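For reference, the structure is listed below as structure tokens.
Chain naming follows the written order as A, B, C, D and E, and within any one chain the residues start at number 1.
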Amino acid sequence: MAELAPNKAPETAIRGARFLLWLEAWKSFKKNKLAVVGLIIVLIFVFLAVFAPVITPEGINEQKLAERLQPPSSEHWLGTDDFGRDILSRIIHGARISLWVGFVSVIGSIVVGCFLGILAGYYGRWVDTLISRFFDIMLAFPSMLLAIAIVAVLGPSLRNALIAIAIINVPNFGRLIRSKVLSIKQEEYITAAKAIGMRDRRILFHHILPNSMAPIIVQGTLAIATAIIEAAALGFLGLGAEPPTPEWGKMLADSKDYLVQAPWTMFFPGIAIMLTVLGFNLMGDGLRDALDPRMKN
Amino acid sequence: STTTEEAPPPEEKAGETNEPEETKDTEEEQNKESDADPVDNTLVFGRGADSVGLDPATITDGESIKVTLNIYDTLVKYADLDTSIEPSLATSWESSDDGLTYTFKLREGVKFHDGTDFNAEAVVYNFERWANGDKSSFYYYSSMFGGFKGDEGHVIQEVKAIDELTVEFTLSRPQAPFLQNVAMPVFGIASPTALEKYGESFTENPVGTGPFVFQEWKRNDKIVLVKNDNYFMDGYPKLDSVIFVSIPDNATRLNELIAGEIDVADGVSPNDGSRIEGESDLQLFTRPSMNVGYLGLTNTRPPFDNKLVRQALNHAVDKEGIIAAFYAGQAEPAKNPLPPVIAGYNDDIEPYPYDLEKAKELLAEAGYPDGFEMELWAMPVPRPYMPDGQKVAEVLQNSFAQIGVEAKIVSFEWATYLEKARNGEADAFLLGWTGDNGDADNFIYVLLDKDNIGSNNYSYYSNDELHDILIAAQSNPDQEARVELYKQAQEIIHDDAPWIPLVHSTPILGGKNNVADFFAHPTGSQALTKVYFE
Amino acid sequence: MFSYTIRRLLMLIPVLFGMTFIVFFMIRAIPGDPAQVILGQLATEEAINNLRAELGLDQPWFTQYFEYLKQLLTLDLGESLRTRTAVSEEIWPYMAATFELSFVALLIAVVVGVNAGIISAWFQKSWFDYTAMVVALVGVSMPIFWLGLMEQWIFSVQLDWLPPSKRENVKNPVETITHFYLIDSLIQGRMDQFVDVVKHLIMPGIALATIPMAIIARITRSSMLEVLRSDYIRTARAKGQKMFWVVYKHSLKNAVIPVLTVIGLQTGLLLGGAILTETIFSWPGIGRYIYNAIEYRDYPVIQSGILIVATIFVLINLIVDLLYAFIDPRIKYN
Amino acid sequence: MPKMLLEVEKMKKYFPINGGILGRKIGEVKAVDDVSFSVYEGETFGLVGESGCGKSTTGRSLLRLHEPTEGKVTFNEKEITSLSPNELRTIRRDVQMIFQDPFASLNPRQTVEKILEEPLIVHNIGTPKERKQMVSDMLDTVGLNSYHAKRYPHQFSGGQRQRIGIARALMTKPKLIIADEPVSALDVSIQSQILNLLDDLQKGFSLTYIFIAHDLGVVRHICDRVGVMYLGKIVELSSSEKLYEKALHPYTEALLSSVPIPDPTYEREHIELIGDMPSPSNPPTGCSFHTRCPQCMEICKTVQPKFEEIEEDHYVACHLFSKNEQL
Amino acid sequence: MSESSVLQVNGLKTSFFMDKTEVPAVDHVDFDLKQGEIIAIVGESGCGKSVTSLSIMGLVPHPPGKVVGGEVFFNDEDLLKVSESKMRDIRGNEIAMIFQEPMTSLNPLFTIGNQITEAILIHRKWSKKQAKAKAIEYLKLVGLPRAEALMNEYPHQLSGGMRQRVMIAMAMVCEPKVLIADEPTTALDVTIQSQILALMKRLNQKLNTSIILITHDLGVVSEICERVIVMYAGKIVEEADVKTIFEHPEHPYTKGLIQSVPDIRNKKERLYSIPGNVPIPGSIKKGCRFADRCEFVMDRCREKTPELISIEGDHKVRCFLHQESEEQN
């Protein structure tokens, strides 16, 4: 059993104790090379997204029809698209969109999913039955079709695609939380909390929820990856971002016809999607290993 | 008359239908087929969507017509490459001077595919069937001939069999484009016996007199037609069979063509023209232009109720640029709602030049010196006249922005798009039209007359003076006079600027090099009677 | 076990019921009127109203819903508004197309995925492990529509090895009996067609298999790793058993449950119609069938299509659950 | 005679087994089946028995962490079994628990300080500052340092974690502590540290313990009175002296003779029991021990023996000693 | 190798490599196992008992573990050097092992019969039928009722004690020369424990199998063992026959350990307790590993590591207290 050498300087070193767990997770995360690569990829894209207007060589919408479909060159590193717009600039701006869709939709799903999952897991009985059945129903839907139908109801736009993606992911989080609540409810420290006379609500918010965070973060990271692909797929079907938004899936769809003529128009947005998604997946895996001790080897 | 193109909105895009029906009647026939080894002389025609039905009278979509055109014949038909009238089931015809009576002499010895005789009675039967139409079917009939029996505007008062091979039509008022209309593929003559026999399901068991006999239909997948050995044109058709396959994705369809899986690819996107030219074993077919692509401005919605604003926007569009980029040059800029091939085209009209300064001036004059915000609706599906609405919209958005007009590009699913646009919910919308009988009326009246508000006049443009001209032109049998009237009409329209006419495109198709005598028809649907493999 | 199955089947009822409810009202919330869509833009107001009445669309939604439920109870799936054919009649070819493709994709995914996962776990931290897992991660990160287009471009356009799309060579069509072309061509002894059908299946099969394959490989690996660390594996090795058998006999059977769960879920997803794959490869499957029905507002088709897909999904997962009990004697459903 | 602190009368706890088509109850696990005993102020009452015999369930049911199926529990003249949830919470201030697994019973995401402060917060004791002081005092008391306060449970060794668990139980200054196998997860050398600590605390805080264990040596060492459980029932209850000197019940005897003695020279007879404890969902008829009892009689198979006081303060449930039967 | 020795361990060192640092779990362990003898290895959790036995079996989980030094002689061969296939022939056949957790050491998805016959068929070219008969024979030998029926049952249908018997039957079925039992009774109740211990003793006498019994329970040791090895933090600190260990323990750790066990025979007023905790493996780099907890610690204890030396016959101790007396003598 691990004992900290008692002669180490105490007070100061341990300030910000809340962080300690994260610090430790970070340490174990750091050791995972692939995860770090993932993190770096994600950070690069986040950086690009945040500073897009500053760093892009050109605006995203400067059409120069005369310069359309130019291959990569020193002037346009990734070439130009069929409007003569600089692909690099658009991909960089596209990072904003994809990350935005990824983060916001996942946060949306988490919030709603948590709410429902907690209700179900904590109150049990008919509340649980009702919510669980609802999740079953949602999960039984072919998810892409559901997303398409939702977008059809709301009208195609980036925002609505985001909403659709958030909705189809709700049951995943809901179930996760529910099962977490159920399993944590069985933990000995919850019995201990009850034994000291703690009220249910406090148990829920001080014990159960904080202990469910790790899997949610992991699942959330991975869900961002999926959400980005889903958004791209909707974009590809013409059900996502409105033009001229440089959404990657839409860029792909737009350049589909140029696959032979100007392969770079199709190649780079695809790579951008893949890299970002890969980044999140690698990071999610790393987080899982770091946050979930069971997965440690 | 109306178009093939628009009516079927949803059908054409990635549409697919579904039917199980196919199997039963298919199987026996298929056996025959596999014995016959039809591979050699079979043309595979790849297109974007499946047909909706094969009863020509009830269909509205281009993809259905492409097939029915080869199964049925009409009394008169269009020439191979334009809309001039040629004999078909009728070998000759004459009209009275007042334009109220038409008499057709029918071809002798023609038989329907089911072996029954084609004769005057059959023609009467078909027209009677349409004229007594159930209101939910036969849309083309009612729109081309002013409704059904008993309706006030119904044009065809009576259809009489004079003798075995003579039919006489009596009209209630003269209709200038009457022959143009009768030639429309939707008025293909069906076998009365088969109609009785199949009833509702005739649409899946089509029987006509045409060059090809229907054999099999696998919904969403393919339609197989085989040669009509008893076709009245000697030596035709040359093909043993034709298979129409649906391949929704443009790129895939082209790949199929390149890979040699199909012989002709419809709806090739203009950009791919060069690719086809680059392949030594492929050839490019161009369809003579008989269409218009435009940006409609809903004339009742502010600020588009202001003529100056509409004119200003007309100045702000770089049509040449759009054509170069997204039509690969396969189009010409439009200044009129009519395409130039159609009689009545007014070539004297001066187009609004691409002039942003002028546009700004006009805007200022209209009271919008700082521009305004608007929605710009982009079509979600490719059309011959607008292969990529979204991209055209982006170009428009970009130039509007330069005169201070902030356009937000909006799109809906095609069905929704049309419905909402028809309801006048759009500020400005991209749309277009392919003529289906080559008459000016089929463009100007249908698209811009106040009668058609709530129907094909999506821009809610209403001008009484124009209306009078168009009605006069409709019933005037004198071609010269009509041309003048339409030229006049175009002037009014040009000045009012209810739209921004964008392009008249030349749609392209790809084909194998050995496909000969394939005539891409301006209406979008062609008979494959003469096609053969070299 | 039997009673568990019955209970699960009973539980299916509220799920499917809820499903019909959601689908029914959701698709009616989609703007656009089927009558309008069917009649096209030339239709008159009157014609539309007539058609609406004929199709029963003029009734209040709830009336329509109860009518629909009544229909369902008699196992009547309704009639397509567009083709006027019973959905139950016309749906099979699409299902079959999807089943066939899914089967091939799943076969690829399971064979490759499971073995890659096993070997990765067995030789943990070897180059194979790293490579396989990175490849798997790239696999799940790939937009499959992109992959599909790239495949087509490389293998049919550039190399001309495989047909770009569809299920068969249209000039040499398979005579349909079961609508599974592999089976149909085989039972008719048409080897040429069989080969042709296989060729058509390869690219969409791979495109569709990519993600499940990657997921299965990953889950197999982690599940195997856990099992390989367990006491009974040590026991097996302490007996002197060969590592190969330790892995493929003792470990795999234990590791297979989570893998099975994933396979069940993935099968459901595949059968649910991989719309993008079906679009790119012009595959006349159930996904596009429903997708098109959405475009046409063909309510009965959407309703029944989704209902059938969902039922299959739920049933597959029920079967997976029951399979657990066959694999693991500790699991007893009572 | 010291004051009676806790009295348990005919307590039962049955867990339902669900199944069938509708998932209804199809059976029950009789985890605790009619148990009565009392605990006096200041003593350590031990509960021993083999695993699964219902010791933990008994301990938890006392606090209504499991709702007892039947029976009455009286603590300090209050009937716990009929309290409202709010009153129950107040009572829990006076009755605390120490758990077997010191790791599982500490929230891994809370610092020691937080863990120890929680009982105070829950029962509204002190201001934040006072609470901090109390925590650091308590850490000293259980042999930890206040610089441990900011650490997380996984950063401690097993023995230290158990000290934290003990400290938590003591925070509200309870009267009674139910210790559920508090040392069985620990190494021998650590076990003795904890046992000594419990001993010291009992004196320092005048605590009463209910000590659940399966290690008879430990029980002997720490308990004043011991109840031996078998299959949900107490089969023998007596002072620890008497029990270890002269066990009456055949089960107790067998149990004692099975304990390995760390003394190679010590010779004694082993009473080997055959087989395992039966399942509590399907207990044998009659005396539940009869299936393994070396001295089983006919009557044992059908008639359940009464739990009776055979000698002063020595209760047994066995037909061998049943007065009625012998008469 | 002495005449009657079946297994001889010399200077065995096994380390775990965590983040590239080497953590020795077993550090220079030497001992002999004689024919028919039962020896015990005792020590607290984490002191390296299991790793010692896994090292002998060649089953140290790798990565992260690795045997980094020493020799293990069996049949005149160094097991640490033989090929994996040779090692497989020995495992289960000549040296068998049973583990602490009877609950998890049997594969839950295969029947008892399947698992025992497998053990036979790996090493014997027998028919399935023969193997089955043998398996049933051994199930009976370990005192399981209904042996035939058990063959078709799954582990979860058995109680802990029964499973541990099955484990023993499985280990003994090839009649190995050496049986390594790693805490075979820790998870069991006392009544079951005493059944299992009695069984092992019987088997030892009947089949003359040598047994290495690993445990942390001194009571168990005194019940059945002849010789005892006490380990602390990866090293042997004391070795002697069982009587000597209990009567004259010499190492302060052994002494403390024996004194801190509560006895059911009499109530001690206060238990002895060794202060402090077992050190984290690898944390003590120099000196005696017990120094921090030792009552008699001297300066040199913190500087140098004492050797394991023989003080009287077979009695060996690793402590400077005795080294001194040796040196003085």
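In the analysis below, a residue touches a chain if its C-beta (ideal position, glycine included) is under 8 Å from a C-beta of that chain, and two chains touch if they have at least 3 such contacts.
Chain by chain, the UniProt names read as follows: A, C = ABC transporter permease; D = Dipeptide ABC transporter ATP-binding protein; E = ABC transporter ATP-binding protein.
Just so we're clear, the structure is a prediction, and the values are computed from it rather than from any experiment.
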Touch-network distance, subunit A (ABC transporter permease) to subunit C (ABC transporter permease), counted in steps: 1
Of all other chains, the one whose Cα centre sits farthest from subunit E: B
Separation of subunit C (ABC transporter permease) from subunit E, taking each centre as the mean of its C-alpha atoms, in whole Å: 53
Cα-centroid distance, subunit B relative to subunit E, in whole angstrom: 90
Whole-Å gap separating subunit C (ABC transporter permease) and subunit D, where each centre is the average of the chain's CA atoms: 54
Inter-centroid spacing, subunit C (ABC transporter permease) versus subunit B (mean Cα positions, whole Å): 38
Residue list for subunit A (ABC transporter permease), restricted to those that touch at least two other chains: 1-3, 152, 155, 256, 259-260
Subunit D residues counted as touching two or more neighbouring chains: 157, 159-160
Junction residues of subunit E, two or more chains touched: 45, 277-278
Touch list for subunit B against partner subunit A (ABC transporter permease), complex: 249-251, 269, 271-272, 274-275, 318, 321, 324-326, 378, 380, 390-391, 393-395, 397-398, 408-413, 416
Partner subunit A (ABC transporter permease), residues of subunit D touching it in the complex: 60, 63, 65, 88-93, 96-97, 99, 101, 104-111, 113, 118-119, 122-123, 145, 147, 150-152, 154-160, 165, 168, 171-172
Complex contact set, residues of subunit C (ABC transporter permease) against subunit A (ABC transporter permease): 14-15, 18-19, 22, 26-27, 29-31, 124, 133-134, 137-138, 140-143, 145-146, 149-150, 153, 157, 222, 225, 268-269, 271-276, 279, 287, 290-291, 294, 302, 306, 309-310, 313-314
Subunit C (ABC transporter permease)-touching residues of subunit E, taken from the complex the two chains share: 57, 59, 61, 63, 88-93, 96-97, 99, 101, 104-110, 118-119, 122-123, 154, 156-157, 167, 170-171
Residues of subunit A (ABC transporter permease) touching subunit D in the complex: 1-4, 6, 10-11, 14-15, 17-18, 20-21, 187-189, 191-199, 202, 206-207, 210-211
